[in-house]
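Two complexes come next, and they have one chain in common, chain A, joined by chain B in the first and chain C in the second.
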Partner chain A sequence: MSRRITHALGSLGQEILLVVVILALFAFVGTYNPRFLSENNLTSIFVGNAYIAVAAIGMSLVIISGNIDVSIGALIGVLAVISGLLVTNGYPIWLAWLAPLVLGAAINALVGCLIAYARVPSIIATLAMLSILSGGLITFTGGQWISGLPAGYQLAQFRLLNVPSPVWFMIGMTVLAGFLMRYTTFGRAVYAVGSNPEAARASGISYKATVVKVFAIHGAIGGIAAVLFATQLQVIQSTVPVGLELVIITASVVGGVSILGGVGTVFGSTLAAILFAAIGSSLIFLNVSAYWLRAVQGILILATVLADMARRRRTG
Partner chain B sequence: MKKLLTALIGASLLSTPAFAQSAWTGGDDQPTNPLACTGESPAPEPGEYNGGTPTNAPDRNGKDLKVVDIPKLVGVGYFASTASGMQEAAKELGNITVNTDGPTRANIDEQITFVDNYITSGVDGILFAANDPVAIAPVLKKALDAGINVVGYDADAEADARQWFVNQALPNGVAKSMMDQLASEIGEEGSFAIVTSTFTTPNQARWISEMQAYTEKCHPNLKFLETVEAQEDNILSFNQAQTLINKYGDDLKGILGMTSVATPAAAEAVQQNGLCGKVSVVGLALPNAMKPYINSDCIQSTILWNTVDLGYAAVEVMRQVADGTLKPGDKTVKAGRLGELPIVNQSQVLLGQPKVFTKADINDFDF
Partner chain C sequence: MTSMTRILIRHEAILGILFVVVLFAMASQNDRFLTTANLLNQARLMTEVGLIAIPMTFVIVTGGIDLSVGSILGLCAILLGVFWQNLGLPLPAAIGLSLAAGTAAGFANGLIVTRFRVPPLIATLATLALYRGLAEGISQARSVRGYPDWFAVLGRGDFLGIPTQLWLFALVAVLGIFILRFTTFGRTTYAIGNNEAAAEFSGLPVERTKLVIYTASGFISALAAIVFVSRVSTTRSDMGSGIELEVITAVVLGGTSIFGGRGMVIGTLIGLCLMQILQNGLSLSGVRGDGTTVVIGAVLIVAVLISNLLSRFSSD
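Our next item is the complex of A and B:
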């Protein structure tokens, strides 16, 4: 128990650190070019990576439970195409928004079963899924984009109180998942199976059921991310963005979720996704090559993991 | 970590002292060959023919020809429009029948099987758009060995595996179309930025270099701001265009999209910011992807080759190769309603300047 409190404090530290870094970056780039802090640019930064932030929430759950999912980028690509095909083939818009959630949950529940019941390591099960989904997608669509999307479908372009809907989804999902993880038995079970599966089992927590649930929720959240991804522009690209899963995993890890499982919150990954968008924008404002974005992300991962290791050694 | 980050950004700032004004970022360092600002440019020397030759081809001069067209894939708008140009040419000529057949997905193995089957079944000519220039070469050579005339279009194979290739556009032609269109939309003194795939993507880098050379020659007062990278990712392209708009505000008059992904995404950013008519987007893109923006008068144009003309020219070239009227060493070829097309790059027929699609005609094209 005391260990969990230490960990909770530890990851809270990561979140405060991220807030400080984001504010420092805003101050630094804003001084260099005040337009960086214009309402428009701040909106772009928050909207730009919102779907990544949403997907990273599910990823955080998966990693906290002691697993990993490298197929999420491909899943988002496939679900986005399914959504687009439904709506361009005359199905109602609400169905095109809802189907990715249900299908995402179903597909990933299956992956969860492979991991929990057939004991396939999560990296292997999701690598296989990555190949199946991305190969299937390109075979099925032949790389053709989906265009001719009807008016009213572009959920990600809606605004409420002049704030774009992706930002609302990002905040809403983060708060909801944060509540789930902190105040429910399910949330506690996820931390338990992630930090010590044997002990969790001994204390009556079903490892199998928890892992399947985690993956199903992750799939449903991936479905939401896919809808935000699909409805941002007037066309849907039918190929999976290269390296999307890595950006999502990076957001989770830099957000303070320990890659070894059992530790982290969903707030950190959302802050990390915002930080990445802010860095991407900063590079343009500072006239620095976009190549630096990946380098910076890499350095952030290393720094975070090293800090996590140090913290673990300290708390034993 | 905060220190680390600021140090890092600080350091990289110092190491890249404001991009040199002399070279546009994202271009390559190969020699450029800008076209004339107005009127015809003198055709470059084609050089020595490096295409292949069919073995023991029968005399086909003026005889009815049976030709198969094997595009990268069938069932997509792009190759449906090249096929319609082919039928137009076949009808005009009267003594050639063209049948379009190919894989339903862009797969080189399936395409090879199609070519092989048509060699066996016996045709006079094969038109192709290769899924892979190297992998398709052996089966095309087999066709040449069987005395079949082989002509490529859209996507070439190794030169000696076919006789001629109809090239839809050369880099200096793309550059001229892009910059002339930009200048006509934002004026000769406007400022613009470029959204490309990556700084090292060969086609885009070539085009950017040619665009700079042509701009210095023909639109010297246009002001280049910067190039940003957006991979081939449309959300990233949108975000990058958005950031350019935020960064430059009213100073930004135009965005050049270097890929068919970047151009519609930049148009979307302009539309979502309510900047239609204030910021122009000029670039390479498929008409279907640009229709929403062009039909709503937000964006004026999109640039690509005329795919119908591309198919038309391929059949005209096939006819003349079979007749023996297009021979190695020729400098031009007559292509029906397209007039005389120049021979370039040793064994390629150049379709001409890319086409600027506008609201007037974009809805006639479906790809």
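Our next item is the complex of A and C:
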């Protein structure tokens, strides 16, 4: 019992730590260069990266269930292009918003079946999907950007109460997923499957069904992220953003989702995504070349993973 | 043990037959395919993937995985250019330092996996980001060109009528076959993959063996970088990105179980050739380069499915 309390405190600690680090970063870069804290820059940090935070929610579910998905970046690219092609070919806007969600769920449910029923390890199944989706996308579009998007399609440019819609999506999805993971049978099943599949099976939780559901939900959330990604500018780039899957995985892991499964919350991953966005932006304001961004991310993920392993060994 | 060998032989026999079938199919499709010039050129193109696939076979036989090989390749290529052009070192010294850097990168992977007990998948996913980030940061997206003529002999020249790098590949492959098959080190590798705890309790040097294997993977990735740079006579920071997928596909296609404990270097070689002629045949019949990555992804899934089916039969 006491271990559970320290564990709960431990996982909460990660979130408090993240808040402190984010505030410290804003304070530091803000003093160095006050323009960092201008409303314009803050908006661009949140709006430009909200889709990463949204996608990281689904990724957290996948990692908590003891799996991994390296194809999410490619999936977002493919779904964004599908959305753009639908709307430029005269289909209604609501369909272009909804189709990525449904298709994402369907594609990833299939991947979930490969993992759960055909026992293909998630890393192999999603590596293969990465290659199929990104190769297929470039072959199909030839790298052409999609332009001529109709007015009213740019969902990510809408504002409600003067707050950009991606921020609402980010907060809304985090709260929703947080509730789902904490207060529903499904959420508890995901934790159970991730921490001990054998025990979960013995207590009547279907491993296979849970994994397929996790991947389907992850795909649907990826669809929402794709719509936010597709509607933020006047054009849609039809190549997959390089390394997007790594940013999303890093957000989950740095947010406190244990790489060994079974532990973590979606709040942490959203905070970590905000932190990354802020780091990316602050490099520019600190006059550091943006080409170092990926190295900084690499160090962060490695440090978090090592700290996670050290903590696990200490608490047993 | 004998039944396991029989299964292995069967898998390799199936692969061999498949290889011959594909070879004839491709040859009947296109008369430019089955020419000595084309086959030797294909062998040249497959050397980098092939080199890395040899230590990757060891890694996967232990039940691990190394996703960072492509990033190590990129980092070592960039370092070669930096040491030679920016620091003004003689090229042989730059090659030596670049190989040392790759070995150190592999050693770091090994340390993270053995000392800190981070699962190889996550450890090398983190270093994938880190090493690629370092390559991008150090190069600042500048490429290095203008290598001397003698250096191009390795990547574009011939020795006794056969591409130079093929001799190097043959040497590494023979070494790989010998070590995995006929030495204590090789048997320890299998033992770790079959049951790591049991291997540890029988007094086998589990940690040291894994450390050596991951270090070798880094060294060979650096060697592949040298061959790559010599072949295309330029260095860019995105070199080798995604190569891990091709390497893992070749190894798994070659009958090495992704769960560890089973696999042979010969199988990897057949898997490699099968993949290369498939790619070559497709591009000769007009499928573009990106289209072939779709095929590789699909082949990877099918290979694991078949391997899972075979192991289910053998366990019954």
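We adopt the following convention: the second predicted complex is superposed on the first by the 308 of 316 C-alpha atoms of A that agree within 3 Å, B and C clash if a C-alpha of one lies under 4 Å from a C-alpha of the other, contacts with A are read in each partner's own complex, and residues count from 1 in each chain.
The working rule: a residue touches a chain if its C-beta (ideal position, glycine included) is under 8 Å from a C-beta of that chain, and two chains touch if they have at least 3 such contacts.
All values derive from a computational prediction rather than experimental measurement.
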#### Entry: First (chain B), second (chain C), both or neither touched by A:282
first
### Message
For A:232 in the superposed arrangement: first (chain B), second (chain C), both or neither?
### Response
first
### Task
Considering only the touch criterion stated at the top, classify A:157 as touching first (chain B), second (chain C), both, or neither.
first
### Message
Let me test your reading of the model: by the given contact rule, A:246 touches which partner, first (chain B), second (chain C), both or neither?
### Response
second
### Query
Looking at the overlay, what does A:168 touch: chain B (first), chain C (second), both, or neither?
neither
### Message
Just to be sure I read the superposition right, which of the two partners does A:119 touch: chain B = first, chain C = second, or both, or neither?
### Response
second
### Query
Is A:145 contacted by the first partner chain B, the second partner chain C, both or neither?
first
### Task
Based on the superposed arrangement, let me know which partner A:28 touches: chain B (first), chain C (second), both, or neither?
first
### Query
Looking at the overlay, what does A:38 touch: chain B (first), chain C (second), both, or neither?
first
### Query
Which chain A residues come up in both lists, the one for chain B and the one for chain C?
139, 242, 289, 291-292, 296, 299
### Task
Within their complex, state which residues of chain A touch chain B.
17, 20-21, 24-25, 28, 33, 35-36, 38, 40-41, 44, 48, 51, 139, 142-145, 147-148, 157, 229, 232-235, 237, 239, 241-242, 277, 280-282, 284-292, 296, 299-300, 303, 307
### Contact footprint of chain A on chain B as seen in their complex
1-2, 4-6, 8-9, 12-13, 16, 18-19, 73, 75-76, 104-106, 199, 226, 228-229, 231-236, 238-240, 242-247, 249, 261, 264-265, 268, 272-273, 288-289, 291-293
### Message
Show me the residue ranges of chain C that touch chain A in the complex, using the header's touch definition.
### Response
65, 112, 116-119, 121-123, 125-134, 136-137, 139-141, 238, 241-242, 245, 248, 252, 258-259, 288, 290-294, 296-298, 300-301, 304-305, 308
### Message
If we count contacts the way the header does, which residues on chain A are in touch with chain C in the complex?
### Response
68, 70, 114, 118-121, 123-125, 127-132, 134-136, 138-139, 242-243, 246, 249-250, 253, 259-260, 289, 291-299, 301-302, 305-306, 309-310, 313
